[in-house]
Every structure is written in structure tokens, then in C-alpha cells.
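Got some structures for you, see below.
There are two complexes below, and they share subunit A, which is joined by subunit B in the first and by subunit C in the second.
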Partner chain A sequence: MTELTNTALNRTEQLGFIDLSARKRIESLLDSGSMRELLTPFDRLTSPWLEKQGIVPQFDDGVVIARGKLDDKPVVAAAIEGGFQGGSLGEVGGAKIAGILELAIEENRKGNPTAAVLMLETGGVRLQEANLGLAAIAEIQSAIVELRQYQPVIAVVTGPVGCFGGMSITAGLCSYLIITREGRLGLNGPQVIEQEAGVEEYDSRDRGLIWGLTGGIQRFATGLVDAFVDDDVSALATSVRDCLAAGVPTLHRSDDIASPLKRLQQFDTREQIDAQRARFTLTQGKTA
Partner chain B sequence: METLHFTRPARAAEIQPALVGYVGSGDLEVMIEPLQGSQTEIHIQTSSPGSEIRWRQVIEQIEARISLPAMRMDIHDFAATPGVIRLRIEQAIELASAVEASA
Partner chain C sequence: MTAQSKPISKRGGHWFDGLTAGMVTQQAAVPSLRIADGEVAGHACRVLLVQPDPDSHFPRASRGEVGLLEGYGLAAAIDDAIKTDADNPQKRALIAIVDVPSQAYGRREEALGLHQALAAAVSAYARARLAGHPVISLLVGKAMSGAFLAHGYQANRIFALADSGVQVHAMGKAAAARVTLRTEEELDKLAADIPPMAYDLESYASLGLLEPLVEVESAESPSTNDLGKVRSVLVDALNDIQPGDTGLERRLNGVNRGASRLVREQLRTQWEA
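After this line comes the complex of A and B, so read on.
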């Protein structure tokens, strides 16, 4: 049937990843038939805080976690549903991700190598759950720092939401980071920066500026992510497998602070930032 | 947010758990689980207040087309239009009834 459709519409074999739900994203990357979801929607583990604030909850709290296999090796996976509350992380969703990472740590301690793949589509902490969301993100981060000593922790940011707030720090802690042209990565989102710094400095409606600074192309060119791929399931699956095969990196990006800090300190903030200047500063002219 | 409950007569049937949709703008999630007996319990949480009559009408429209299997149906609605609601509910029932058809 696939063949017929492709012939009829004269399409390529490309299958978009961005349009997939969180659950389908995990399923599409893992070895066929190996996905086993933990704490499924039927466990009804919803946010206890959203309803109190008059917000409709979701049965999985916008986070899917699973065990499975990649190239026949055991892995854990988590994916955030960007469409539910902006992919924000609250107490339950955050604990689910921390829990699956801690499960992988336990497996590694027992001598069963288990890597992790995180599909991050998130604006960061869920403001309605404030400190509980922040605490959950801290738990996720400390779990990543421990797990990455044993096995790679691979983050995938494809868009449409991107990865912001505390979860951008989470992405930065991962062993490997994969991005698409449609993915964005940044500490504060455009509207927050505009609100704080003023519209003259950062216009959140200026898409060229926003994508030029935080978009996947720029992040790859400035060495803040490891791989740049098309929005295509098989391209992403290959990239994740490559990262898995590369093993634990000798130096984690988050341990390499001195040289990027030096470059940032040389930056003259009196001049208006744009994509070109940001790239030059971060690469010292040595563009990829 | 408004919480609504409906209980409707249904036929005893073997169904499987099913989940479709998500709680995103203009969409909803519908979860179905088997229920013993001959009724369907529908639990709705919706972001649109004052929508009870509209929900009743959508359910009646579906009943006119499909004989409801006994089930518990949970709905989390994020301002979906009646057309989308009907589509999602029918999709969920079809998925839940797949076991019946193959048996």
C-alpha cells in the first residue's frame, strides 16, 4: 500500500517526524515491536494541580516513557507532547522522565548497559506547578549527569515547539544533541526576552532574527549540537543509532566551559546582536 | 473548566481499551475502557463552560449511527468543535471495537 501511495503521489520515502505524537515518535525510533510504555494513560496519572486551576488535564500528563531496544540493545526513551500545555513539565510528567532515567541508572549498576533517548519538545517548567516542576527538572538533570557516565543520553529536538527554559539546560547536559532545521534551542523563549530586554533589542515577531539565533542551523554551526538532520524518521533513527554507537564522549559539552565562556566574555553587548555576529563570536570565525 | 457526566443505555460487548487524540487547542482526548453491564458512562472535562446541551446533542447524533458498547468513556476536551468531537469519539469506539470485529 505504501508503495502504491508513493507512486501515485510521486512522493519520496521521507516520513516526517515533527508531525508524530510523542508516543509515535518513540515507537518510530525504537526497534520494531520493542516499545513497552510504562505508566500508560490507562494508569490515569494526571496532574493533580491543573484541575484545581481550571485547566483540563491529559491522562499521560503530556509525557510518554518507555523501555525498548535500539539495534537490539536495551534503551529507555521519553517524549514530551509539545501540543499539551506547550510541552511544559509539571510534577507528574517531570517525575516520569526522572523515573525512567533512574531505571536506566539501576540497570547499568546491575551490569546491564542501558542508554537513553529523550525527545524534548518543551517550553520548560509548567508555571502552574512552579516549584514542583522545577524540582522535577532538577531530578532529571542529576539523573542525566549520573547516567551519562555509563551510557549515552541522546536528546532529540525537532520542533515545532523547540526546547527552552530549564529543559534547554537539560538538553545541554546530554551526551549528544540532535536537531533539525525546524528545532530551536534557547534558555529563554523569544517573548520572555522581548519582555525583559525590550523590543528594540529582541523583537519576538522578527522570525528571521529568532530562527537565526536559536534555530537548528545556527546551533549546529556554532557547535552547540552534535548532529543536524532532516525532518525524517529514518534520518533521525540513523543519527540516534550513530550517537549510540559512538558511546560515552570523552568530554561532555557541559564540562567544557572555559573556552565558550572566554568567547562570550569578548562579546561587545553595546552592538545589536544578529545571527552572523553571534556565529562569528561563538566560532571565532572558524565557521563549519 | 466544566465536568459533565452522562449515562446511556448500551449493549454488552467485548471491547479493548483505546485512546485517541490529545489535549491540544481545538482537539480532545478520548479514552475508552471496558465496563460490565449494559450501560455506557461518559465522563467529560471540558475547557468550554456551558456546553452541556451541545455534548448531549453530539452523543445523541453518535447513538443514532452507532449502537454504543458498554464502556467507560473519559473525555478531556480543549475547545474542540462538535465535528472534531464526533470524529474523535467514533475513532475511539472503532479502535476499541477492533477486538470484537476480529473475534
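After this line comes the complex of A and C, so read on.
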């Protein structure tokens, strides 16, 4: 699949999202011609920490941010480039996302409704900038909780990296979460779980196990995401607009506390879990 | 050394006992959570601790880790404070005593959406702060990664004891070495030049995220002097946090956070252009 050469409105056939760069992802979802990237690679805001470790930095630090419109409504958008350092968040990339969300909050306070769309392809904290990545994630999370009081914050996870680490918690804070079959969502990466808990607990080479528990199909079936969509620009663009049109949810997923807590208290842990039991546990008693 | 052979920290429990003496214990939703309501120099507050529960039916969350029950349990206790104080102009402070070795690493945890449980706690702390509850974290032991995001990192003020047993990091050293394809010795060497990678508290303090370190006689088990000192630090913070002080901006002032400030300055200029 070649990169998107025209706007998303030229949708004659299925066009995969997964192969698009972060920049093209934003461009493909926003209203045609509305994307205005901020802090572009020409601004050369690079990581102050990577070069000291012999790693070539990138002029956008692997994060693209923009203002634009969705169905003619103002939005901010951010996309993490999964191909740069595993989509990891460092100081600069993290500050770009937190910063644009903070500006969107200010717009809302001034009476200018501004929503947000986040494309999260990330392994979480960039370990080469460890504590500053973690701090930035805490700031992004704070900004999302504040912004979503005014307007929806919509997250999109399509792969190839998936959304892990502290940024999976970030995804859990969003108003709406859209996933594809190729998207994965979970707190701890398979390798780290295996390292910490042993191979019997989690075999990082067992792709069936991992996709079965954390892949898009399962996350949708367990109610941990709101929409399951084909890896297709047109389908994703529609889904994002549907979420925006739905407005701020009455109860954000992250603030639904009592019922998941009760299910987990009652959950029998004597046997190891599988995908089927996870679905049953997380959805029992729910109306569809 | 595997995680299972590391000793279970008792620090959090000791500090909780000391600081909440005379307060009213609240029924927590789960045994790994302790909650007490009381006053610190006239300020109403709720103190929260995640502690080890050796009998937890989630085996990967029995040693003080923040797991599924802990995430939702914290969220429930904080949400309760927000709702109880909704019509009260004086919002009780939330004081998080932090001694969390990590989030829970396990199959059940991933399958059942640990990220969402931790999001519930993050959201509750952030909503409380935005609603005007002063939120203060006191780091008395480890404050690691997702566990710290869920319990402590959304605070108006973060305090830490000046003690080598207090650590903030994104990942334990052994796992970080494996993921970055380095040895632990190499990580230590790098950390000497790169403060955000370091495991020591002084480097962390240079990032601007902490209030001045609190010197104590015994970080493991506080003396009467230590408790008095920490109480006075809490009182000063509670007096200092203003009603409109609901954001995290003050964290951006650290010596080693120049890039975080520069990004925001340039972004604002371009935004307004």
C-alpha cells in the first residue's frame, strides 16, 4: 500500500490506515485541507536526551500535532509515529501532546468548543528519557480529564505497534476508543510480563495468547473499547465523526467504578484466565 | 533475583499508622487499600495507602503492586470523597502515601483490563484536583511506573523522603536493561549523565517534579520527630495550595525540563499566529 496521496474524501476503495505515517494519519481523518501542523520538523525540536546516548533524534520527536476540523468543528489532533523508537514517548513528544491538549482546554474555556483526536501507536514511556516520559504522560492524562469535561477526546488504536504502558492508561481516560483488528491495547508489554512473572504466566512468543487477550476483537468484545472498525481510512474517518457527534458521554468509561470492581471482586482466580472467561467476566449482567 | 524473593515493604503501613493516629478508619473496598479521614491542622483530609495483601486472590498483586482491585478501589474511595464534598466549598484534601513497587504484571491483569482499572484511579485523582480537592503525595518507598501514575502522580504537590529507599522510575532496572538491550551497569553509567534515566532521588528532583526533599530520622519506620516534620510539611502545603491551583504547571520549572517549557512556548506562539 502506498501512502495517501490525496485527501480522505477521495474514497473509492479501501485504503489501509495501518501503513500511513503519523502525519498522513491525521491528514486522512481531518476535513480535507483543514490540517495545520504545529511544531513541524522544520522547527527542529528534538529530544535533548537521545543524542547523548548515541541515538539519532528525529526533528518531530516521533509525534505530529495539528489543528484542524472534523465535520467543520474545530479539533486538535496528535499522532505518535510507531516507527520511531517504538512509538515511545519522550520529553519533547510528550510535551507536544500535553501542550496541544492544554491549548484546546483554553479554547473551550474561552467558549470555543474544541475536541481532540489521538492516534496512539506507542509502547509507552521512552526508557531513554524514562522519568520525563512518565511525567509527560501524567500531564497528558491530566489534560485529557480536564478537556473531556467540555468536548470528547477520541482515541484511535490501529497498530502496528498497539497502545501499551502508561499510554494505555491514557487511552482508558478518553471519551471514546476506536480499535481495529490489528490494534492491541494493554498495560504491560508481553516481554516485560514474561520477565517479571515468568514464561508460564505469559509467554511473549505465544502470539495466539497475546492477540487473543489484548487484540482489537477481544477488547471490543469485552467492552473495553467503543468501536471496532476495519483498517480503512474511510471507515475510521466515519467512526471518529460518529464519536464526535455523540458528544461528551454521560459517564466516561474511566468513571464507571462500582460495577467493574464488583465483577473483579467476585472473579475466581484459581484457574488461569482465557479470552472466553475474560469476555464473560467483563460483560456479565450488562445490557448490550 | 525474582520479584517473588524481594522483601515486602512495610514502609507505607508504618507511615500510614503514624500519620493517621487519631483519624477515623474508613471501610475500604478491598483489603489492599487503607483509608482514614481526619484533620491536619484544621484541614479535612482523606489519607490513602495501597498496601500488600498476601491473601489477595489475584496472585500477581499480593505484594503491594497496584492491580485491578487496587485501581478500582482507589477510584471508589476518591470518587466517594468527591461526591460527599460536592456541595461543600471546603473540599477535603487527599493525601496519597506512596510505597508501590510496580503495577501488577500478570495474564489475568492484562485480560481483564488493568489499564482501565488504573485509568479509573488516575481519573478520580485528576477529577478531585480539578474539583478543588488539594491532592498531595508523600513518597516513602518506591513509586514505580504505572503504579505511580495511578497512585500519586496526579497530585498538586509531590513530597518525598530524602532516603535511598525512595525511588521513582518508569521501569525496574532489570527489565529496563532487558528492553533497552543494555546491562544494568551500562544503565547506571548512562544515568550519571542523563538525569531522567537515573534511579536516585536527587536526579529526579532536578526534573522539577518534587517539592524539597524531607529529611527524616527513619524512612523505614518514622519517629515522633519524623511524623511531626511531615505533618508540618503537609500543613504548609495545604496552606499554600490556593482554590484555583488545580493544574500541574508548577512541575515545568525544573532545571532539567527546559525542553518541556520550550515546546509549550513555541506551540503557543504558533497556535496564536
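Note that in this section the second predicted complex is superposed on the first by the 272 of 288 C-alpha atoms of A that agree within 3 Å, B and C clash if a C-alpha of one lies under 4 Å from a C-alpha of the other, contacts with A are read in each partner's own complex, and residues count from 1 in each chain.
One rule holds for everything that comes next: contacts are C-beta pairs under 8 Å (C-beta built on N, C-alpha and C of every residue); 3 or more make two chains touch, one makes a residue touch a chain.
Values in this document were obtained by computation on a predicted structure and should not be read as measured data.
If you count the residues of subunit A touched by subunit B and by subunit C, you find the higher number for C.
Contacts of A:42 after superposition: subunit B is touched, whereas subunit C is not reached.
Shared-chain residue A:55: touches subunit B; no touch with subunit C. When the two complexes are overlaid on their common chain A, residue A:133 makes contact with subunit C while staying clear of subunit B. Of the two partner chains placed by the overlay, only subunit C lies in contact with A:187; subunit B stays clear of it. Once the two complexes are overlaid on the shared chain, A:251 sits clear of subunit B and of subunit C alike. Contacts from subunit A toward subunit B in the complex involve residues 21, 41-42, 51, 54-59, 62, 81, 83-85.
Against subunit A, the residues of subunit C that register as touching in their complex are 2-3, 29-30, 57-60, 68-69, 72-73, 75-76, 79, 102-103, 105-120, 122-124, 126-127, 129-130, 145-146, 148-150, 153-154, 168-172, 174-176, 178-180, 190, 193-198, 204, 207, 209, 247-248, 251, 256-260, 262-264, 266-268, 270-271. Put simply, subunit A touches subunit C in their complex at residues 38-39, 43, 45, 47-49, 52-53, 65, 67, 91-92, 94-96, 99-100, 102-103, 124-125, 127-139, 141-142, 145-146, 149, 165-166, 168-173, 185-189, 191-193, 195-198, 201-202, 213-214, 222, 224, 252-258, 260-261, 264-265, 267-269, 272-275, 277-278, 281-282. Every residue of subunit B that touches subunit A in the complex is listed here, in rising order: 1, 17, 19, 22-25, 27, 29, 31, 33, 45-47, 74, 76-78.
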